[in-house]
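First chain A sits with chain B, and in the next complex the same chain sits with chain C.
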Partner chain A sequence: MNSIFDFEWLMSSLRLALPILLAAMGGLICEKSGVVNIALEGLMVIGALAGAVAVVATGSQPLGLCAAVIAGSIGAGIYGIFVLHGRAQQVVAGAAFNMLAIGVAPYVTKALYGISGGTPNLDFGVHNAQSAQLLLNIVMAFALTCPILIWWILGQSKYGLLVRFAGEEPGALESAGVSTALVRTGAVIASGALAGLGGATLSVLLSSSFARGMTGGRGFMALAAVIFAGWRPVTAAIVCLVFAGVDAAQIRLQGTGYAVMGVEVPAQLLQAMPYLLTLIAVAIRSGRTGVPKYLGREGGF
Partner chain B sequence: MTCKTALSRTFILAFMAIMTFLAASDLLLGAEGLPKIRVGVVFDKGGRDDRSFNASAWRGLDDAKKQLGIDGKFVEAMDDNAYEPAIRTFARKKFDLIIAVGFGQAEAISRVAADFPDRRFALVDAVSHLPNVRSLVFGDHEGAFLAGAAAVMKSATGRVGFIGGMDVPLIRRFDMGFRAGARHVRRDATTISNFIGVTADSWNNPPKAKELALAQYNRGVDVIYVAAGASGAGVFDAAGAKEKFAIGTDSNQNGMRPGLILTSILKRIDVAVLKTITDAQAGKFTGGKVEFGVANGGIDYAVDHHNAGVLTDDLRRKLDELKSQIAAGTLKVPDYYVEADRATYKK
Partner chain C sequence: MKAMLFRWPWLTAILLGLLVGLGAAAVAGENPAHVLLVLLKAAGGTPYDLGMTMVYTTPLIFTGLSVAVAYRAGLFNIGAEGQLVLGGLAATAVALRLGDLWPAFAGSSGVMGRIVAMLICGLVAAAVGGSTGFVTGYLRARRGSHEVVTSIMMNFLAMALASWLVIEKLHSVDTQNPETRTVGNVFKAVEFSAFDGAPVTIWFLAGIAAAGLVAFLFDRTMIGFRIRAAGENPVAATVAGIDTGRQMIIALTLAGALAGLSGLGDILGGAGRFRLGFSSDYGFTGIAVALLAGGRPMAVVASALLFGALHKGALDLDFETDHVTRDLAMIIQGCVILFATARWFHGKKKS
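Coming up: the complex of A and B.
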């Protein structure tokens, strides 16, 4: 057991948490403003794809991440137009957005590279493994300070106050002469930027290619973390880290013949752990405390 | 308000229309009625260029196009439900030979083949008992055995690892062969086996594959054999980060990390596909099971300029000796598909 929860496990957990953590922070801002964001998964796909495509084109990892942030923001902007301007039902529009993103990705790679399975291998690791590690560390540091930053912005800053009002009392916001739609648009775009970055960590930092379906439900896990945490940023980050920690432990337990009370734990159960945990987390969250009052509802009037 | 609701409804309808178009676009096949035979290939979810399993089949189709002047078309199935419509579309369009790549398509091809008894079909990696289907099966366990042997011969620690994609019998077959190969060379060799997951995402999850590989390398493993489709790239990333060895699978992956990929176990699906197309063109197509293994060159290991430095002559001589023993039948490799062998396999 001791050999499982060591320094390597911690690093592995942090790496696995990175994409989920960033997406969760994006989802949190968006939901705080009163907009449901089922579209996180699709935004991650867009980010992962845009990041890999930009690295193939420019050969630069930082530019790849920038492209992912921009693409995620644009994607979220489109989602925002549907739900805020078009007033589409948010859950339905989010689900449609996910399908669109997942469907468009193979189309884009096919048009660009003639392959529907993904992008070619991104060739950077061999030449500058050190700068790749440095970039990963920088993004990791940003991701870990992000929850505190968001907690501060939401709680202390003027913009945070507007976001919270958009989610809790949009009517009051409107009476004060502030456009709820504008505040929510900003929050939705911010969520796209963060989810896009989260997606790009998968294709650019944690591996070296975009593969179809590589987000593998991480957007939904991020959303589950936000809900379980009662829309509190630091708690949501901790939940993400716990998810990742279990996944990392699972990876290290597999094949070691780990047994509980003499019965060997089946590998399949270990592999299902992160998903099982997500399910349990959402299921036991019956109280629904902390849910923004106007989540998924139109503001004002 | 009503106007806006209508607007949003229109938007969603437009979304759905685009989705449908995208899904259908892969199925819109050009159908020029050329006199040469027409071959349709349906790849599985890994996609045509997974640089592994599907890629090998694709090369076979490409060779056939060049050498035999056939007309070849292909479709990449996006999910399990896309297999049957794709195969059926080819059959309806009167393709002479339809090849389905991957064990997941067994049921779909059997259903279509029953409806089109006068069309010829081929299935890679699984068996269908219909008379108009040729089942192309491979001795994956033999290749995995060679991988296990090569890994232990190269290993300094005597600890070698296996990383499989989805936890299914086919991948267990790789694992079992790998372990047998490792033990054959060194009785006290330690093998560690990991599987990426239990869902189809497992074939497309390089970050997870990389974490599994890093965990194995950290436990003293110095050669990892990977059979995980597109996820394999993550294992090669880990090999690069740790400067340790990996062994590729199905296609020649030696060039993905030159000098760190000891070798790739080749599953010559291209040979099987080319042979089937040749037979169909010559009017010699027959149904039934055709086996490809070490004995008939269907399974082999790759040597090229990328791994010439690490896969030494001595290693190659020993591997070739094992190959001839397997081919001659004097060395029996345990097969997960054989019930008596499976009983000895410890998960």
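Coming up: the complex of A and C.
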């Protein structure tokens, strides 16, 4: 048992935390501005796809990540047009956006590579191993400082104030001559950039291709982490790290097999642990505290 | 033209969704007219094709109703996917167990026996789906946990549970595929023979009947009225003495029960066994079905038929075209919902 939680477990937890942590930060900014973001899952799919496609095309991992950020922003922009300009019901539009993204991925890979299951293997070559590790470390450092950065931006800066007002008192924002729609559009696009980057870490950094179903509900878990954390960035990051820690532990337990009092715990139960944990977390902490007042509501325009 | 666009926003949404889908096909190098023709032919070109469209429509009626019931209470049932898996699996497990206990009953084919068997399977599936929905409803009403997040997590848990049960506990010894044994003859759903072998079952009619019942519930009973009141104006409902939390629990339980029934046509018709992954996202498509129908139960049937036809039609894209796959249906579907929920075409009165 104690052999599970060692240094290697810690490192794999940190790696697994990358996609969900980045997506959670995106979701947090978006929700703080008053826009529900169920679309995180789809934005991650788009990011993972775009990242892998760009790496296949250019052979460069950093360019792959850039492409993912751009694609995620564009995807979020489309979502934003529907929910902000079209005033679509945000949960429904988010679910529809996820469907769209899940359909677009095989469409793109079929058109580009003739297969609908994913991208070909991204071959970085052996000589690139070092730079790949460096890039992973840079993204990791960014992801870990991101919560503090966002906490500072939301709490201390002028832009953060605008975002918080868009979510709490859009009327006051309008009275001050600021367009709520504009502030929310910015927040939605920022969420797409971060979720897209999060998705790309899956396909470009943590594995070496895009595969169908790769995101595996991580966008939803990121959202659950935000809600559980009461829309506080640093707390949300910690929740994400806990999720990832459980995930890392269950992956290792699957390798060795795990028994409680002589009874083998089925692999399916181990795989379900992160989801079970999320469910329990959301059930314990109701999400009634800290919820932006105008979340999912129009207002001010 | 403009008047038409605004009078029927759902029609506009369908047309725009198709337009985006066919446009995407054109960009990929397909002739959009050819793609449209494949979709239409594969959805209803022969009695068999039409039958298969109805086979796919059957679960969508139930999941569409499920989402619609929750929607009336102001809630989103994203959990239909997990509920239909658990409900279907429970019904299969009970049918298999009863088959072991009373082989004579399971092997029979009398009309009364089949009615009893259908009722047993239906009740078990509805009860299991309903309890899953109840958990979501309880967490929403009494703990304030967002039903979208909890029901998505419940979906993953349902899949894991089903995978464990099918592989470890109910697995058929005759096959490597992740599926259960075949249920006894009496449990197999009655099939219509008019569709050249397409397994259109009695559950298609049951779905239409369920739509009628849900319509009756909402239009004519106090239960339905209270649910609608809680959904449309929670504050007014509370002032009028309605326990809105209770209505949420009732609505999501009912939604779960309806979703639990969704898989029975697929499972008990045709093969007569539960296969892992038998549902091609029926639960999620149910969201599209319900939304396009505006939450109206009888419109759900028409909407389910449309999405059933889209699903069946898209299957043939895999071998009738070179550059697009069945996944084009997801693109069209996603766009239809996006355009249906945006209010560009809703005119002024609904704002």
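One rule holds for everything that comes next: the second predicted complex is superposed on the first by the 286 of 301 C-alpha atoms of A that agree within 3 Å, B and C clash if a C-alpha of one lies under 4 Å from a C-alpha of the other, contacts with A are read in each partner's own complex, and residues count from 1 in each chain.
Everything that follows uses one rule, which is that contacts are C-beta pairs under 8 Å (C-beta built on N, C-alpha and C of every residue); 3 or more make two chains touch, one makes a residue touch a chain.
The structure presented is a predicted model; accordingly, all values stated were derived computationally and were not measured.
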Contacts for A:Gly86 in the overlay, against chain B (first) and chain C (second): which applies, first, second, both or neither? both
What is the contact status of A:Ile38 with respect to chain B (first) and chain C (second): first, second, both, or neither? second
Is A:Gly59 contacted by the first partner chain B, the second partner chain C, both or neither? neither
Contacts for A:Gly155 in the overlay, against chain B (first) and chain C (second): which applies, first, second, both or neither? neither
Check whether A:Arg15 is in contact with chain B, with chain C, with both or with neither, and answer first, second, both or neither. first
Thinking of the overlay built on chain A, is A:Gly118 touched by chain B (first), by chain C (second), by both, or by neither? first
Identify the partner contact of A:Val282: answer first if only chain B is touched, second if only chain C is, both if each is, neither if none is. second
For A:Gly213, decide between first (touching chain B), second (touching chain C), both and neither. first
Chain B versus chain C as contact partner of A:Ile227, first or second or both or neither: second
Output the chain A positions appearing in both contact lists, the one against chain B and the one against chain C. 82, 85-89, 92-93, 96-97, 99-100, 103-104, 106-107, 116, 217, 266, 268, 271-272
Tell me, which parts of chain A touch chain C in their complex? 38, 82, 85-89, 91-93, 95-107, 110-111, 116, 217, 220, 223-224, 227, 266, 268-269, 271-272, 275-276, 278-279, 282-283, 286-288
Residues of chain C defined as touching chain A within the complex: 24, 27-29, 76, 78, 139, 143-146, 148-150, 152-154, 156-157, 160-161, 163-164, 167-168, 284, 287-288, 291, 323-325, 327-335, 337-338, 341-344, 351
Where on chain A is chain B touching in the complex? 8, 12, 15-16, 19, 82, 85-89, 92-93, 96-97, 99-100, 103-104, 106-107, 114-118, 121, 125-126, 129, 202, 206-209, 211-214, 216-217, 248, 251-252, 254-256, 266-268, 271-272
Residue positions on chain B within touch of chain A in the complex are 4-5, 7-9, 11-12, 15-16, 18-19, 22-23, 25-26, 45-51, 54, 76, 78, 167, 192-195, 197-201, 204-212, 214-215, 218, 230-231, 233-234, 237, 240-241, 256-257, 347
